[in-house]
Amino acid sequence: MNRYFKTMRLFWTTSLAAEMEYRTNFLISSFTSLGNLAGSIFLIHLIFQRVPEIEGWSFDQSLLVMGFFTMLGGVANTVLRVNLSRIVQHVREGTMDFILLKPIDSQFHLSVRRFISWGIPDIAYGILIVLYAGMRLGLGPLEYAAALLPLAAGLVTLYSLWFMLGATSIWFVKVHNVTYVLSNLLAAGRFPIALYPVAMRLFFTFIVPVAFLTTVPAQAMLGRADWLWLIGAAVFAAVAFLASRMFWHFALRHYTSASS
Amino acid sequence: MKSFAHKLRTITGVQYAALLEYRAEMVLWVAGTVLPFILMGVWMTASAKADLVLQPVEMARYFFATFVVRNMTLVWVVWEFEQQVVKGTLSHWLLQPMDPVWRHFAEHLAERFVRLPILVVIGVVFFAVYPDALWTPGLWDIPIALAAIVLTFIMRFSVQYTFAMLSFWTERAHAIEQLWALPYLFLSGMVAPLALYPQAVQQVLVYTPFPYLIWYPAQKVLGLPTAAGSVEVTLGMAVGVMAFWTLVFILANRLLWRIGIRRYSAMGA
Amino acid sequence: MAVIEAKNLTKRFRVADKKPGLWHTLKHFVNRRYRLIEAVREVSFSIEPGEIVGFLGPNGAGKTTTLKMLTGLIHPSAGRVAVVGQTPFQRRHDFLHQITLVMGQKQQLIWDLPAMDSLKINASIYRIDPVEATRRIDELAGMLDLGEELQQPVRKLSLGQRMKAELLAALLHRPRVLFLDEPTLGLDINAQASVRDFLRAYNRQYKATILLTSHYMADITALCPRVMLIHEGKLMFDGSLDALSARFAPYRELNLEFRHEIAREQLESYGEVESAGGHAASLIVPRDRLTHILDELRNGFDVVDFTVTDPPIEQVIGRLFRTGSLEAAAL
């Protein structure tokens, strides 16, 4: 296990070092992240300008959801997108061979190989918004702690779905287009799931489980989460993660390796 | 002039054939523009709870219109041009007796024709699921809406092609487009109908290019009046503001092109 | 005890049979047709520890597919394979620690960083402690004649330096079996030679087994006492280079010396005249008719002396690769 942590640390430090070759990216993205944040808050303000609450969600509570969304977006940019979009490239260029021949779990290798600093500002802004909204709602440390389990479950779920999608590139080389659709669908996590019409709510709960990513952590913080939901989120995450591992092993059996 | 039109038509035709190979991806790219529908859902719920100027069904129409406008005015020239400069492939196009801008323009034009049928299918599905949102346009609404979309596209293309010129100086010209994407997202009417913005903001915005990128053509697609705050955006005013910004960017573009191309050839393209 | 053992190794691929064009795409969508391609057919061989074996064959002959089955990247459709006593496809860590794969046209080093960073990652993945890793890097760098290059971003290295660095990265864990797929592709003559020298030295020093494919005959002739020739998925030949040329170069060069002056026209009915003039001539004749032709010549002329030589191996296999077919090469 220790070796995996050590390797991951090496992966990330070398990744950061490689990125330093293009460091303006970080400046630009921290600026655009800030603009995005201002725009998003402005948008929530517009929605709630004439009404104190919609479907049981107030401005501050929606801000909480937005904070989680920004945070997850940051995580997605920092490790998920950059690694999982590479799977396609590894398959197409045949460099997957090198990864499969390393005596280290290939799913682990593929998932944490790269680390991109551009997402860090979003993670920081996200945490700040959650803290700010939490302060306005008068939440204490216990409430913050309550969000941790569903947040972790949400992250694992997101990772597992994304990885499985990436793994299909063993068969379909043009998967990145599907990934593009998925990451756009995730934008629905910006708002509490209750703000959507019923059909969309169902879609974003059961088909693309955006609800678990941002709304459920916020609900947990607000003390409104059913135990059933929390357990559901944890079970769902565990199942999704196991499924991703099984799916990867299944996919590898079909890996024919790009010829020469 | 005639030969130019002929050339442009030929290139567009060839590009169309080439892009047809990507129609499966195109379906996903169009399906990827889900943001208008996400916002539609939120705004429909919100407008059902409070008096927000627009009724839920009007919200649905508005965001469907923004979906159409966004897809029909999509521009990506900065990424392509940047690659051409970085990899040096621009040189091939420079050797041809036609300004490269027309090649890009033709490619965008051709792409519209591949995209349009997919938009029609999505439209049919949308109105089948939500028939209340269907509206009947007036006789003149259709040509006016088309003209508005064309003007919007030309403005967007001019702006982005101007950003593309910065590729002569930096490898990350698209970063400036990413900055531009912020006001495009939040001030164009993409995330909310302009009428919901504070009065003062609306009054300032109508003199900037942003509302004309989404809000104005969307209102025209719906055949709705275009007033922002106390300012009535007449047809004349819209054309005036759009023409002004388009010209500003075209002038800047030609200036940057001249200096940039000299720099490019000096570096041994 | 063989280090690589393959028995009736077979790989079949199912490929979609689709013609280009919209109509055929639609047709394919509705009614998929597949064709079974036999990339490798019942190939059997065994390689002893320390051997260097050259794997020859025209493009698409099945070399890379075989290599990938031996490394465990793809699963054989039939047959058995064992490398260092293990089943490759299970890709057990214990197995992966003992092998390596180098591909001339693919790289594992991080493009934007010095090779040293990639080497550190590999050391960690293969559980080599930092002190030992540094020692091995120094040793291999010495053999490869690499120095400061390891501290420069990989993208700034020349192709030859990059290949050497790739080799270093691939050998850091001291594998017992090396699979090399076109390791000298695109390198200039000097770089090719130094990669070859290194491989020979590595083989001697660590008693490593090497199986390599190459398009450069010089690699094969310089390194491989034994070659295997694969064509259309079948193993056509397994043996020494000399035996290969005997089998696939069915021509001999016959150099003759006559007592009397001789004219070109007089010899043309006996074979392809390469040169003729004065008392000497040289003929190209099919190997199986050599004795017969020689007898006839001695009956018809006063032959003082003669020698028989083989055409150079490069020429034989070069012809094989160019034509892509054994039948054509044998003509």
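By written order: A, B and C. Residues from 1 in each chain.
FYI, a contact is a pair of C-beta atoms (placed from the backbone, for glycine too) under 8 Å apart; a residue touches a chain by one contact, two chains touch by 3 or more.
As the structure is a computational prediction, the values presented were derived from the model and not from experiment.
K.L.:
Using mean Cα positions as chain centres, tell me which chain lies farthest from subunit A.
P.N.:
In terms of C-alpha centroids, the chain at the greatest distance from subunit A is C.
K.L.:
So which chain ends up closest to the centre of the protein, judged by Cα positions averaged per chain?
P.N.:
Chain A is the most central one.
K.L.:
Quick one: report the Å distance separating subunit A from subunit C, using the average Cα coordinate of each chain.
P.N.:
Whole-Å distance between the two chain centres: 46.
K.L.:
Measuring from the mean C-alpha position of subunit B to the mean C-alpha position of subunit C, what distance in angstrom results?
P.N.:
Distance between chain centres, rounded to whole Å: 55 Å.
K.L.:
Just curious, how far off is subunit B from subunit A if you go by their C-alpha centres, in Å?
P.N.:
29
K.L.:
What does subunit A use to touch subunit B in their complex?
P.N.:
It comes out as residues 22, 24-25, 28, 31-32, 35-36, 39, 42-43, 46-51, 54-55, 174, 177-178, 180-181, 184-185, 187-188, 190-191, 195-197, 200.
K.L.:
If we count contacts the way the header does, which residues on subunit A are in touch with subunit C in the complex?
P.N.:
3, 6-7, 10-11, 14, 17-18, 21, 93-95, 97-98, 100-104, 109, 253, 255-257, 259-260
K.L.:
Can you check the complex and tell me which residues of subunit C touch subunit A?
P.N.:
Touch list, subunit C to subunit A: 13, 64-65, 68, 71-75, 91, 93-94, 96-97, 99-101, 103, 105-108, 110-113, 117-118, 120-122, 124-127, 153, 181.
K.L.:
Across the complex, what residues on subunit B touch subunit A?
P.N.:
24-25, 28-29, 31-35, 38, 41-46, 49-52, 172, 175, 178-179, 181-182, 185-186, 191-192, 196-197
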